[in-house]
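Please read the structure below before turning to the comments.
Per-chain residue numbering starts at 1, and chain names A, B, C, D and E are given in the order in which the chains are listed.
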Amino acid sequence: MMVPLPYLMALSGAIFAIGVLGFLTRRNILVMFMSVELMLNAVNLAFIALGSRLGTMDGQVIVFFVMTVAAAEAAVGLAIIISIFRGRETVHADDLTLLRW
Amino acid sequence: MSGGLLTAIVFVPLLGGLFVLMQREDRAAWNSAFIFSLIPLALSFYLFAKFDLHSADFQFAEQYDWIPRFGISYHLGVDGISLLLVLLTTILISLSLLYSGGGDIEERPREFCFFMLVLETGLLGTLLSIDVFLFYVFWEIMLIPMYFLIGIWGHGRKVYAAIKFVLFTMTGSLLMLAAIIYLVLQARHAFGRLSFDLQLLYQVPLSETQARWLFAAFALAFAIKVPMWPLHTWLPDAHTEAPTAGSVILAGVMLKMGAYGFLRFAIPLFPTVAVEAVPLFLALAVIGIIYGALVAMVQPDLKRLVAYSSVSHLGFVMLGMFALDPQGVTGSIYQMLNHGVSTGGLFLLVGMLYMRRHTREISEFGGLWKSVPVYAAIFMVVMLSSAGLPGLNGFVGEFLILLGTFLRNWIAAAFAVSGVVLGALYLLWTYERVMFGPITKAVNETIRDLTGREIAVMIPVMALMLFMGLYPKPLIDRMEPSVEKMLAPVHIAEVRLEQKRIDRDRALAQGTAPARAPKPSALTVAAQ
Amino acid sequence: MPIALFWFLAAVSLISAFGVVLQRNPLHCLLALIVTLLAIAVLFIGEDATVVGFLQAIVYAGAIMVLFLFVIWLLNLRAEMGPTGHLGLKLFGTIAVAAMFAELMAFLLPPHLQIKFAGHAAGYGSIDSLSQTLFSEYLVAFEVTSVLLLVAVIGAVALARRSTASEIQEHAADNARKERSAAQ
Amino acid sequence: MTPLNLAAINFAWLPILPLLIVAVAAMVVLLAGLRVDEEESEGLGWLTLASLGIAFIFALGLVGRTGVAFAGAISVDGFSAFFQLVILITAAFVVLMSLDYAGENRLPGAEYYSLLLFATLGMMLMATAGDLIIIFLGLETMSLAVYVLVGMRRRDPRSNEAAMKYFLLGAFSTGFLLYGIALIYGATGTIKLGPIHAALASNMASNHLLMLGLAMLVVGFGFKIAAVPFHMWTPDVYEGAPTPITAFMAVGVKLGAFAGFVRVFLINFGPVSSHWAIALWVLAALTMTVGNLIAIVQTNIKRMLAYSAIAHAGYLLVGMTAAGPQAGSAVLYYLLAYAVTNLGAFAVVVALEHRASISDEISDYRGLSRRAPALAAAMTIFLLSLAGVPPLAGFMGKFYIFSAALSAGYVGLVVIAVLNSVTSAYYYFYVIVAMYMEEGAGLELARVAAKPALVAAIGLALFATIVVGVYPEPYMSAAASAYQSALNAGTIHTAALLP
Amino acid sequence: MVTTVVNLPSSALALILLFPALGVLFNLFFGARLGRRAVSIVGPGVMFLAFAAATWALVRLFMLPPGDALTFTLWPWIEAGRFHVELALRADTLSGVMIMIVTGVGAFIHLYSVGYMAHDEDFARFFTYMNLFALSMLILVLASNLLMMFVGWEGVGLCSYLLIAFWYTNPQFAYNGRKAFIVNRVGDAGFILGMLTIISVLSRGGVWTLDFPTIQAHVALFTTGTATAACLLLFMGATGKSAQIPLYVWLPDAMVGPTPVSALIHAATMVTAGVYMIARLNFLFMLSPDAMTVVATIGALTAFFAATIAIVQPDIKKVLAYSTISQLGYMFLGVGSGAFAAGIFHVMTHAFFKGLLFLCAGSVIHAMGGEQDMTKMGALRKHLPITFWTMLIATLAISAVPGFSGYFSKDLILEGAYESGHVWLWGLGVLTAGITGFYMFRLIFMTFFGESRVEPEKLHHLHESPPSMTIPLVVLAIASAIGGWVGLPKGLLWGDAFARFLSPVVGNFRPGVEASTLGLSVVATGVGMLGILLAYVCYIRMPGLPMIVAWRAKSLYQVLLDKYYIDEFYNLIITRPLFFVSNVILNRGIDRFMIDGTVNGIGATVRSGSRLARRSETGNVQHYAFVYVLGVLGVVAYYLYLVRH
């Protein structure tokens, strides 16, 4: 027997929402980035669930790709964060408002 | 196909402009610009001579595909309505170039000439294009050089004036663009193909609401350009701050584009709506006439005064046009020419004064006749022509307009006549304050009279005034057929409306459905 | 997979996810995140996505998260102290997210979703079925990922390279200028 | 354990040849550049330019072919050809702008140019994508490269900050895009565009998933094309990025994003256009209005151009909303016109930037017409084209868009657009005012004449802006046929790939 | 009554116009260069040539059968739609008379000016204007259609403006000139509307022109109502041009111009244009009794009203000015009561004696070195004999002393007034005749009799004017003496010749009431004599009397002296409000504040909105994300809605 699809989707939705919440409320850009990872994982869950219900491999393949992308993003993102920190000695979003208006 | 005469007229100035930009020193720039402006002038005279008096449709037409997928074609042609305006344009451009070379424009003459010539291309293109899209393109093009002329060589709050000018005009014209596209799409519904060709669009069947909205869009764009009260406030600023040549072209030609737009597009495209709108436009025109005159009267600044006088004069133009009657429309076209000549002349004269004294405050002058008799005499002539003295050009137009209006709606005419009085009032008063009386300011004793160049500029102007005042026939003959043709649909519309009214009345009378029987009405007589 | 297990994993992943959001200390956030990832990995396996599940556990929860860990140490980040100046943002952000969550649920909860389950073919989710798809239909995509990773490497290098003090001074001038113009 | 049967796949390399060239070129440049000092990166630039040229030639070869390759992952049609060509041109322009810039600003040449090429690759992928995952991967390739390029001026805190913002929000919205893809996948059972089209056409899609998927995709693409309210990053990033990269974002990224957007929505979601037209209507209205409104008070030209870019995205959305064959070609043509014009404008901005002091303030343009008449004139033309003054490219584009929208019956939207273009005239003309009608010492200019590449870029853009406007027929028909072939291709896919 | 019109082309008419035209061009372009001599020859010369041409034309006219006219078509003028008029000249007996007056009197006045203006620096300019005036006036009277007549009509107005403001350095003069032009314009507005009315009526019958004969031929198209409207509007024009109530105010001020101007324009010719116009359109006016009554009443009232003012004026030219207004009133009374011939007759005689009076006044002023105040004159008759005698003759003529020209014409008018049933108006006319006699002789006595009140330093250079000035005086004196005999009363010798001569054009006077011509004449003359006698008593017998009277009826005297405060009144109800409205309400209120305010307001609103919206870009990524999420909420909500429905 299988877990009903709606359960899985709802779970993914919930995690996705939590990710968004984190992105909005945490001022530490590193944590914001982690929240993004949460969102991605929520999406992955959705892919897997839908894929298995459809009985096609596509979902899993996509998750594979998403992981790669996540890795790449992590590399670049962390590099950016580092270079920011070098220049500004802070990783707080609300301190990084040189560009505005 | 006629060997691309019109194309030459339109694009020679542009080439000239580019050529001028390449000139090394200023003198050469001025001369070459002037010479290049003479070419279209000569060509348009040739056009005038070769024009077929008896044909009402577009002559010297040229047509090439431009954007076939939209049925847009490069389609030029001239008819009685545009012919004379073309002539006016070429003349005024040449004159203002000749004048500006005489020391009015000191800095960046190359660019100045360039923009003037581009402006000429824009104006002529607008007048000569039959394809609506092409028309719109030129219509917008002419905006840009004028914007630069005001903004760079203007005085005072030139930037404000320039921007105001652009925004006012663009608002109208972009809405018009939307309307044009909509109209063309309707045409596609009707004829199954996209086409921006004016003659085709004339036949587009439209529902009442559609026609109303489209007319509104067109009318707005043109009314801003004319400008009709109360959309006129960009004009005084633009005029006042613009350099002399700019004002001359702005008043002399560009304002006519609005009126021309009404004649060529708004009215013939939507005759029924036009007829329905007559009372509104007559009212606005009359208000414009009186309002313009009264406000002009109290202006302390000469240019501003002339600007408001333009509002008044253009009011006459619109009045005659919306008389929708051969006399009125002819008069209104003729009045366009008059206004071009006389107001152009006034601006030139004011400019000459400004060049000498660097002020336009009327209170700065007085008793000038003593020091500059020739100038004063010329000023007198131009002023009288502007005041519509019989025997000079102004009167012919005004009278025809009043006649047409009177036949359409005598009350409007009765009010409009007061414009004649007021016109005389503010012009003579100005003249009195500037020329008469004792010399109050010492500076005014020493200012020098007109130079030969300036006199050379003014002579054609005055010659035109006299000629157009005493022998308008050759000009009017050329417009006549086109005017008739343009009015034909209007008359049909009138008859139809009249018929509808009659039917409605009858229906109301007997409480039955309107009867079909078409019965002749007073307007059917008027129609032929 | 037994439904009870699902509930358990769901609870774990949700709690730990909240942990990511609520923990003050980035390090704790990271740990919570890893927990979430692992829980999800188990869910994958439960959905016959065996390979992917393991990849999730190893690559994702393993490798990538270690990267984060390095950075945290590198920048030796401390916990965020006290209420950050964005209580307003926190409040409204929470409200907005709640609303979004509600909307998502409106879409995703029963009885809206019905996909008739066509039973899994043999070897569904197995390594070779995965690679079959990967190297046939998704060949291009696969190649692209390689490019993607290359880009990431180049980018990381280009950005994270240490820059000399002189270079920093170089830009002091125009930065100052920019400040001025921004001030105006 | 069945052996992997590669013969089953049709290896049609030709369709992706341009892509391969670009990819290879990127690596070559990287390797070649390892030993090159930052000031002498110009050679790499020429190398890049050359490779782009070759790719261009091969891309030309694609024109007229239609079909699918790699089991539908790559769709070969006029559409992709069109976009590949335009994207390659854009990249070339950006390289031309960068030649001197990179050296002056000490940008690491190898990384810079190779990332430029990779980003180009990403865009081209989005244009040629045949399934959602390729679109996604293309988008990511592009984005990652651009994130880095934005932050390239490592010592400039603004550059860093811009990169950071762009990256964070980009990653954030990637989540939404992916979520959308997932839901579409769930709704239609596939991620290949052809079958999706078929599924939607035959209306065998689970409604709820589809709807939410559409919503998420709108959001995801909306972010990349900088549609309000997903636009907030644009001004900051544009301002902070190195100017050639700003141009690259303003034009290239938009091209890529719109390539995907159009391909997915107009073409393959066409059957359900009623489900997204209204949403785009609102987005279009918002985007135009907000973009133009805020642009009015900008004092920094890059920021101003950023807002103007937002506004133009709005006009493009108007075209999307119209949703019809005419709409598609209108959008394509508009993109072309927008590309050449904007590239020109940015080229001028680059030309005026000075290593000693970067003059991005509009006030620095005062009296430019005296100090550099030609430059001022060129800028004027570009601005007029952006403002939509005939007969320049920008105007024709607007005209095309408006007529598409009107023929679809969106009178209200067009009126909004019209009023917006009036507003836009204000700030474009304001720059002209500064250049021509105000006297200002301004800063001493870099000797522009000494930068032939830049001059060439400006000249070409100028030429294109005028030609594309004055004689639009060929370009319009190109756009139209491109779009048409994509439509037909859609059906071909459906035929070819239905299980 | 429709006369069958036979037109004979005659180039003489063209010549009449040609000469003054040449004069204008010459004086304009060469006058200043070639100097006074040339100008003083050309200026009057062209007028005499025109006079000769006119005479020739008149002779030809005599040779034609009655009712025929000479015509000369120049070229088609305005042809638009179906409306068409051409520039054409047409001389019938009526215009015949007028051209003789204009060229004849004009010629001599030009001659006079040579002497009068001899020392003025703008000699050439003066003659340019004068010739231009003659040209316009001739166009006016020779025009073959109403529109062309209007050309002359406005032309003369212009010249009068230019000549009043001739000495432009004096702002007051300039002002008066403008005043004249504007007031005339007001009338002309009416004139234009009148023309339009006529066309619109005719056009109903498919007639689209303003040709006099054509109008006359289709006059049947007019209803009484339309005719009344047209006539009253045209008459409005006449009141302006011919200085009738309510538009007479400009004429007295016009006297600041050089005296020959006053003589030619503001006495002899231009101001009679209105009368001419009405006579010209008599067939139209005859259709509308109401209009006729209005004309007659206005005329009579003006006559009386102006005369009363004239009584007390100290300025010699002012007196003459008001007397002109009053005489014009007579003319309108005449034409208004249907006695068109009488009206024109008075135009002619008036041209003689009033022209002469002004010339004489000019001569006096000339001698007095510009002094115009009669209280500073007296006993001049031995100093200026010729002037005195000629002026006396003129005065006798204007006071309608039997035998002199004025007598016949005024008599005819009063007779017409009475017989057409306007008894009251007749009474008013008679009364006015008395007043006329009084103030005219007051003028004579104060100027030439009594003891001299001239300042001593002026006395020694008192001298008679040069011949160029005196000759015209003599000529005109003869004319005013015997000029009236062409219109002797019925039965006497060639009695009533003038009326018969004009009858083909203006028809014959058809009396409504029978009355004894002699009786009326006696009464009128008697009253006139009474006036003269009274003047004699007041200014010769007991010179103190006027003061006493004036002192007794102080207020009345003041009112008269200040011309009933009409100018002030107009100023109050028209000029001031006009400027107030234009400046405060329209210019500042509507234009600047409302319209421009709205426009700029929109602009400002947009800008401030922009500034506000700009603040949303805080620079904080999370805010951006927040907005982003809001967007997501919106979109998803929309789709939720879509799903639900």
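Everything below uses one rule, namely that a contact is a pair of C-beta atoms (placed from the backbone, for glycine too) under 8 Å apart; a residue touches a chain by one contact, two chains touch by 3 or more.
If you're wondering where the values come from, they're calculated on a predicted model, not measured in any experiment.
Chemist: So which chains count as neighbours of both chain A and chain B?
Modeler: Expected: D, E.
Chemist: What chains, if any, are shared contacts of chain B and chain C?
Modeler: Expected: D, E.
Chemist: Write down the pair of chains with the top C-beta contact pair count.
Modeler: A-C
Chemist: Where centres are the averaged C-alpha coordinates, which chain has the largest centre distance to chain D?
Modeler: E
Chemist: Which chain has its C-alpha centroid at the greatest distance from the C-alpha centroid of chain C?
Modeler: E
Chemist: From the Cα centroids, identify the chain that ends up most central relative to all protein Cα atoms.
Modeler: B
Chemist: Based only on mean CA positions, could you tell me how far chain A sits from chain C in angstrom?
Modeler: 3
Chemist: Per the centroid of Cα atoms for each chain, what is the distance between chain C and chain D, given in Å?
Modeler: 27
Chemist: Find the geometric centre of each of chain C and chain E from their Cα atoms only, then give the gap between the two centres in Å, rounded to an integer.
Modeler: From the centre of chain C to the centre of chain E is 100 Å.
Chemist: Taking each chain's centre as the mean position of its Cα atoms, how many Å separate chain A from chain D?
Modeler: 25
Chemist: Can you list the residues of chain B that touch 2 or more other chains?
Modeler: none
Chemist: Could you list which residues of chain A touch at least two other chains?
Modeler: Within chain A, the residues that touch at least two other chains are 16, 19-20, 23-25, 27, 29, 32, 50-51, 53-54, 58-59, 61, 65, 69, 72-73, 76, 79-81, 83, 87, 93-94, 96, 98-101.
Chemist: I need the residues of chain C touching at least two other chains; which ones are they?
Modeler: As it turns out, chain C has residues touching two or more other chains at 86, 89, 93, 96-97, 100, 104, 107-108, 112-113, 115, 132, 137-138, 141, 145, 148, 151-152, 155, 157, 159, 163, 168, 182.
Chemist: State which pairs of chains touch, listing all of them.
Modeler: Every pair of chains in contact is listed here: A-C, A-D, A-E, B-D, B-E, C-D, C-E, D-E.
Chemist: Under the definition above, what is the set of chain A residues touching chain D in their complex?
Modeler: It comes out as residues 16, 19-20, 23, 29, 32-33, 36, 39-40, 42-43, 46-47, 50-51, 53-54, 56, 58-59, 61-62, 65-66, 69, 72-73, 76-77, 79-81, 83-84, 87-88, 93, 96, 98-100.
Chemist: Enumerate the contact residues on chain B facing chain E in the complex.
Modeler: Touching chain E: residues 164, 168, 230, 232-233, 291, 294-295, 297-299, 325-327, 330-331, 334, 367, 369-370, 384, 389-391, 395-396, 399-400, 402-404, 406-407, 410, 413-414, 417-418, 420-421, 424-425, 428-429, 432, 435-438, 470-473, 476-477, 480, 483 of chain B.
Chemist: Considering the complex alone, what residue numbers of chain D touch chain C?
Modeler: These residues of chain D touch chain C: 1-2, 4-6, 8-9, 16, 23, 27, 30, 70-74, 106, 108, 111-112, 114-115, 118, 121, 125, 133-134, 137-138, 140-141, 144-145, 147-148, 151-158, 163, 186, 206-209, 211-212, 299-300, 356-358, 360-361.
Chemist: Can you list the chain E residues touching chain D in their complex?
Modeler: 606-607, 609-611, 613-614, 616-617, 619, 621, 623-625, 627-628, 630-632, 634-636, 638-640, 642-643
Chemist: What part of chain C is in contact with chain D in the complex they form?
Modeler: Of all residues in chain C, those touching chain D are 104, 107-108, 112-115, 128, 131-132, 135-141, 144-145, 147-148, 150-152, 154-155, 157-159, 161, 163, 167-168, 170-171, 173-175, 177-178, 181-182, 184.
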